[in-house]
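Presented sequentially are two complexes of chain A, the first with chain B as partner and the second with chain C.
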Partner chain A sequence: MSSETKQILTTDGIPLEVSLKKAEKKNKIKAFLLVAPLLLFLIITYVFPIGEMFSRSIDDKMITNMLPKTFKEMEKWDGQELPPEEVFTAFYYDFKVLVEKQEHGKLGQRLNKEKNGFNSITKKLFRQVKRNKIDESISIKEQIMKVHKRWRDVEYWQAIKRTAPPYTMAKYLKGMDMYYAADGSITQVEEDRRIHRILWLRTLEIAFFVTLFCFLMGYPIAHLLATLPMKYSNLLMICVLLPFWTSLLVRTASWMILLQQQGVVNDFFVMIGLVADDNRPEMMYNKVGTYVAMTQILLPFMVLPLYSVMKTISPSLMRAGKSLGGTPFVAFWKVYFPLTIPGIGAGCLLVFILAIGYYITPALVGGASGTLISNQIAFHMKQTLDWSFASAMGLMLLSGVLVIYWIYNKLVGVDNIKLG
Partner chain B sequence: MSKNPEFVKFDKVDKSYDGKVLVVKDLQLDIAEGEFITMLGPSGSGKTTCLMMLAGFETPTHGEILLDGNIISNIPPHKRGIGMVFQNYALFPHMTVYENLAFPLRVRKVEKDEIDKKVDKALSMVSLNGFETRMPAQLSGGQQQRVAVARALVFDPAVVLMDEPLGALDKNLRESMQYEIKHIHESIGVTVVYVTHDQSEALTMSNRIAVFNDGKVQQLSDPAELYEKPVNSFVAEFIGENNTFNGEVVDIAKDKCKVKLANSEILANPISVKSKGEKTTVSLRPERALINPTDKMDNMFTGKIEEVIYHGDHTRVRLNLLGSSEFILKVPNSTSNLELKVSQDINIGWDSTDARALDPK
Partner chain C sequence: MALPSYTETRYRIWHYIYIAICTFVFFFLIAPLFVIFPLSFNAEEFLVFSEGMKNLDPDAFSLRWYKDMIYGTKNPWGLAAKNSFIIAIFATIGSIILGTLAALGLSSRHMPYKGIIMATLISPMIVPLIISGVAIFFFMAKVGLAATHAGIVLAHIILGTPFVVITVTATLSGFDHSVTRAAASLGSNPVNTFMKVTLPLILPGVISGGLFAFVTSFDEVVVVLFLAGLENTTIPIQMWTGLREQLSPTILAVATCLIILSTLILISAELLRRRSERLRGINR
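Then we have the complex of A and B:
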C-alpha cells in the first residue's frame, strides 16, 4: 500500500480495519467452537495414538534402566577388546539388583534378541549370584569370565554396549529384513529369511492390481450411471451401493462360499466342462481370492468419485467433439477422458490407500500367498505380542502411504482430485 | 458460381422419440447455399430436433435429409463436415482457445503451420487475436461465444448450425452478437441454420425464417413478409404483437370480406377464408391502427382508453374497442402531444388490407 493511502475511518472514528477485525473476531470464535469437538476428537483418536505408536516403535528404555551403572562405565570403554574391570563390576552390581527384583529373565530375553546365546549365560550367572558364589572382595571380572566362556567373548560385551541408547531403529530394520551386525553396521538377513520384503512387495502389487481392476471395471459403470436416464441409473446406483450396505464379513464369507474348491464357481466350471471334476482350480487361499474379493469390495470407492465427476461433464462436449470431425474414439479420448482425470485420480488414490492397508479380507480368503503386510502387523499384535515391531511396521505403512500421496500430488496434483 | 437452391433438403422427414408422438411431421424444407435460415418456434416445436437430425445426433424416423444432393442419414456426425455452435458453447474446458480451435483441424490431419494460419484467421474474424493461450473459463460469456463461433467455422464447413447460441448472454451483448454473426455470415457466405425462440433475433439476422409449431413449418418466408403477411393466426400471434378479433365471415369479395363480430362488423383482407359463414380470426398489427385517421380508412371506430404505458420511444395504449378491452395501440412518441388520458374516448381507424382474416383460433 502506498503511504498516501488514507486510513479509512468508520463514522465513529474507529479505523475501518480495526472495526472489521472486531466484527470478524466473533465469527472466528464461533467457527472455532464449531470445529473444536472434531479437533479434540482427532487429537485423541488420531494424533495421540500415532505419537504413542511412534514412541513405542523406537523405545528401548527398558534395558537402559536395567543396566544404568554398566552403561555409565561402558562410555569409557572403546569396545575393541574385553572391557576393563570397572565395567564387569558395574554389570555385576546392576545384575544383582535385577536378581533381587527377579527381572534377570527379562534382561536375558532382551539381550538374546541382540545376540543369540545370552539367555543361557545370564541364567548361569544368575545361579552364581543367587548362591552368593561371587566374592566381591576380589576381581569380579575374573569370576564372571569363569562362569561361561561366552563372558570372555568381546562380541557379547559389544552387544550389550549396543543396547545402551534409549532409542533404537532395530524394529524398523527388522521390518525391512535388516539388522545391526556385531560391529554395529546395518546388514541384510540371509536371502531365505527375508519374509517382510516379500510381504511389502506383495502388498504393493496387490494394491496396484486391485486399483487397476477397480478402474477397468468402474469406469464403464460410472459412465453408464452418469448417462443413463434417471429411472435406470437409480437402479444401477443401488446395485453399486448394495455391497456398501452389507457387512464386510458377510461379503467376504460369501466369496468364500463362491470361490472354494467345492464352491459355486467351481461347480459351474465343471458343469460347463471348463475344468475336470478332479482338477478343480484353487481360487481361494491364494492371490486370486484376494484379488477377486478386494476388487469387489473396493469397487464402489472407484465408481462414486468417477460418477460424481462424469455427472458434471455436459453431453454436448462429446457432441461438439464429434461434430467438429472427431471419431467417437477421438472425441472420447481427447475430450471426455481428460475431463474425467480428477475422478480417476480420486478413485485410484482412495482404492489404493484402502487396499494397501486391507486386513480382514486377505486374512480370510488370502491364505499364505495372499496375505498382506497388515496381516503381519496383526500377527505381531496378537500372537507374538511384539507391539513395538507392530507399531514400527504400522508407521512404515503410514509413511509409505504418505510417500505415495506425495508422488501422486507431484504427478497429478491434489487440486485435481474431485470427490464430489 | 451458381448457388444450389436445394443445398440442404429435408425430404418428408418424420421424427418420433417414443413411437407415439411425432415431434417433426412430414417436414419439407429446402435451404439454399449461402443462406442464413432461422428455425423459429416455441420450445417443443421440433426445431432443435431438426437441427440435431441435420447434425447427425438424431436419426429421422422416416424420410431423408440431403446435403448437396447426397443422402446423409447414414453418415455419422463426424463425417458430415457440419460446424455446430451449441447452446452453452461446449468449449472444451481443458484446452486453451488455440487448442479448441485447432481440434477440428488436428483431427483432419492438417499441417501445423496451416493450423496456425487458419486459427489466426478465425480468431481475427471474431476479433479475439491474442487470446490463444487463455482457457475458456478465463473468458467472459461473450468471448466464449465468439470462440465457439470461430471453432465452428475454422475448418471451413459447408453448413454451420447454431442452436440458440445467444441464449445465455445479456440483452445488449446479445444484440451486438446478432450483428456480428450476421456480418460474419455475409463476409464468408457460409450456409447457416440458426435455431432460436427469440423472434426479434430471427427477424434481425435471417434471410428466411421457418416458423415451427407442433412439429410443422407454419410459414417459410423472409422476415418482412413473415411480419407483414403472416399466413395463419399462429404465425401472426408468434411474430410481433397482434390485435385479434374473432368472428364470422358474412360477406366476401375478391380482396375484401365483411366479418361479423359480437355486436359490430369490420372489413378485412381475406387470407385463409374462402366463403361466407366461415369462422375467422382477424389479425391487425398495433402500429397499423391510427388515432384520428385523416385519410379515408375503411374501418373507423371509437374506443375508450383503459391504460397508457410509457415505453420511451413509443407509448402503448390499451383500448376498449368493439367489445374487447385488449386492443393495443402503439403511438410513436413524436405525437405524444396528443395527451392521451385514461377513460378518454378516441377515434381509431385502419385499412382493411392490414386486417388479415386468418384461420380461427
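Then we have the complex of A and C:
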C-alpha cells in the first residue's frame, strides 16, 4: 500500500507529497512576510534598544580605555602591597595623556565613585603634571607618592585595579543598595541609606494593594453588569468605558482637585462632621493620593476581563445550585466563583503589571512618600543623567514584569486580551 | 434585579448592600470626571467651588478660561493641539498599516512560531512605559530623530500597533475564510480579494484598533517627555507641566474639551463594536 501512495503524482509529474510540502512552505512564507514589516520595525526600534540598555547598564569601558597601560602592568601586581615602580610609571604616562585630552576630571569622578577621596588627589597630581614638576628620569613612584599621602595608600591602588574589567555589575548592586567593598566582596549599604530597597518594596506594596482594591471594587460591578438586562447594563457600561477612554492626565487632574485640602472630598468630610474644618487631612502628595487615584484609573482594566468571563456563565447554573439545596451564598461560592477565576487571574495580572510600572499619577499626586521605582528611573534619566543606572533599574523592573507577563501568557494567552 | 417575593430577610439585606456597593463603585468611577466641568467655568482663579458657585450665582460662572485657552497671550495650547493631532494622525495611520498586515499574517494557520511572535508584538503594551521611553529615547538619539515629529510618530507607532494587532486578530478569529477562497475561485487576485472582500468585513476591527492607537498617541506623555523638544510640545506635555507647576483653571478648560473628545471616541468605538458583532453574526 505504502509504495502505491508514494506514487501518486500531480499533473505536472511531481509526487503529491512534495507538491503539498511546497505549497505548505509557500503559505508559511506568505504568512511570515505579512508579519515581517512590523516585526522588523519593532526589533530595530524597540527590542534592540532594550538590549542596548543592558550593555549600557554594565558598561565600564570608559575607565578601561583611559588607563590602558596601567591595567596592563597591574596584571602582574598581586594587589597585596604597594604596586611596583612599573605600575606607577604606566599610570603616570596614562595620566599625562588624559591631561593633554583634558579628561583627567572624568577619571577623578569615576574613581571617586569607587573610593572617596580620589577627586582631590587626582586634582593634586594634575597640577604637578601640568607644571611639569615630575622628572621622568628619576623614580616616578617616589614622586607620585610625595604628591599626597593617599597615593601611598595601597587601598587606593586596589580601587584602581578593581575598575579594570570593562564590565561591572555595580549599577545593579547599587539598585539593591549594595556595593563592592575594598576587598571586592559584595556589601550592604548602611541601614539608613537603603533608599532603593524601600522604593522596590513600596512599588510592590502599592501595586499589590491597588490590585486588591481593584478586585474588591471591580468584582461586584462586573457581576452586576453581567447579570443585568442588556438595556441597563449598556448604560452602566459607559461608567466603566468613559474613564477608560479619558486621558490619564485629565483623570489625575480631577483627583488633584478632589483631594486637595480645600477640595470636594475634604468639604464633604467637614460637612458630615468627620473632620474639623481647621484640621483638614492631607490626602494628596502621599500614599493615600496614589492609592485612590491609581485604583480609579486602573479599575476598568479589572472590570473588562471579569465582565467578559462572567458574561459566559449561564445563570441557570446558579439556579441549579440553589435548587439542589445550596443557600445563595453556598451556590455563589461553590458554583459561580470558581467559574470566574480565569477572569480574576486575567484582571489581577493586568492591573498588577500596569501598576508596577506606573509613573505619571504617582509623580503628580504621590509626593515624596508615594513615588515608585519608575519615578526614580525618570529622575536618573532627567536629573542626575546617570543613564547606566537608570538602565539597570529599568531592566530590573522589566525582568519582574516579564515574569508576570510570561505567567499571564501561560494562563490567559496574550491573544485573549479583551479591549472594550 | 427585582427580588422574588419569597426572599428571606437576610438575603434581602445583603442584596441592598450589594446594590449600595455597586452604586458607590460606579460613582467612584465616573464622578471625578464631572468635577472638572463646573470648575472650568469658574469666574475666579482658584480651583475650589466658590460661595457664588454653590449658590448658583450666574456671576460666579464665566468662559474666561476657555477664552484664555484659545486667545491667551503666549499660550502653548494652540501649538500643542496642532502637534498632538498631527502626531496622532500619522501614528494611527502607521499603526493601522503595520498592525493590520501583521494581524493578517498571525491569523493564518500556517504562521510559524505564532506564540512567541505574538508575545513580541504585544510587548510594548505590557512593558512599563518608562522603560519603553528610555529604550526608544536611546534609539532616537542614536539615529538623530530625538526632538523631531518623525521620532515621536515612530515611537507612537511602536506603542499603538499592539492595540491594532489585538483588535484585528479578534475580528479575524470569527472570519469565515471560505469567502476569500470563493473570491479566488472566481478569478480575483489576492490584493483585489483583500480590498473587496476581507477589508470591508474586518473594517470595524481595524477602525476600533485605530481609535485605540489614536487615543494612545494623543494621551501619551512618558515617552514624549523623553523625546520632545520645545517645538514638539503636545497637549499631554502641556498638561503635565501645568499640573506639576501651577494648577490653573485653563487646564480644566482643556480637560473638559478632552473629556468631550473621549466621549465622542467612546460612542464611535461602541457603535463599531456592535456593527462588527453584527457583521460576524455574533448575537448577544
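The definition used in the following text is that the second predicted complex is superposed on the first by the 385 of 420 C-alpha atoms of A that agree within 3 Å, B and C clash if a C-alpha of one lies under 4 Å from a C-alpha of the other, contacts with A are read in each partner's own complex, and residues count from 1 in each chain.
FYI, contacts are C-beta pairs under 8 Å (C-beta built on N, C-alpha and C of every residue); 3 or more make two chains touch, one makes a residue touch a chain.
Predicted, not measured: the structure shown is a model, and the values here were computed from it.
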Chosen between chain B and chain C, the partner touching more chain A residues is C
Q.
A:Pro328 in the overlay: touching chain B, chain C, both, or neither? Say first, second, both or neither.
A. both
Checklist entry - Touch check for A:Leu248: first (chain B), second (chain C), both, or neither? => result second
Which of chain B and chain C A:Ser314 touches, first, second, both or neither | first
>> With both complexes superposed on chain A, which partner does A:Val99 reach: first (chain B), second (chain C), both or neither?
In response: neither
Next on the checklist: Let me test your reading of the model: by the given contact rule, A:Met169 touches which partner, first (chain B), second (chain C), both or neither?
Outcome noted: neither
Using the touch definition from the top, say if A:Met145 reaches chain B (first), chain C (second), both or neither.
-> neither
Query: If you stack the two complexes on chain A, which partner ends up touching A:Leu82: first (chain B), second (chain C), both, or neither?
result: neither
The intersection of the chain A residues contacting chain B with those contacting chain C is 328
In their shared complex, chain B is touched by residues of chain A numbered 314, 316-317, 319-328, 330-331, 334-335, 338-339
The chain B residues in contact with chain A across the complex are 55-57, 76-84, 86-88, 90-94, 103-104, 107-108, 151-152, 155, 161
The answer for chain A against chain C in the complex is residues 24, 27-28, 30-39, 41-50, 52-53, 56, 217-218, 220-221, 224, 227-228, 230, 236, 238-243, 245-258, 260, 262-264, 267, 296, 299-300, 311, 328, 353, 356-360, 363-364, 374, 377-378, 381-382, 387, 390-391, 394-395, 397-398, 401, 405, 408-409, 414-415, 417-420
Chain C residues touching chain A in their complex are 1, 11, 18, 21-22, 25-26, 28-30, 32-33, 35-36, 39, 46-49, 98-99, 101-102, 104-106, 108, 110-112, 115, 117-124, 126-132, 134-139, 154-155, 157-158, 161, 163, 165-167, 169-170, 208, 212, 215, 218-219, 221-222, 225-226, 236, 239-240, 243-244, 247, 251-252, 255, 258-259, 262-263, 265-266, 269-270, 273, 284
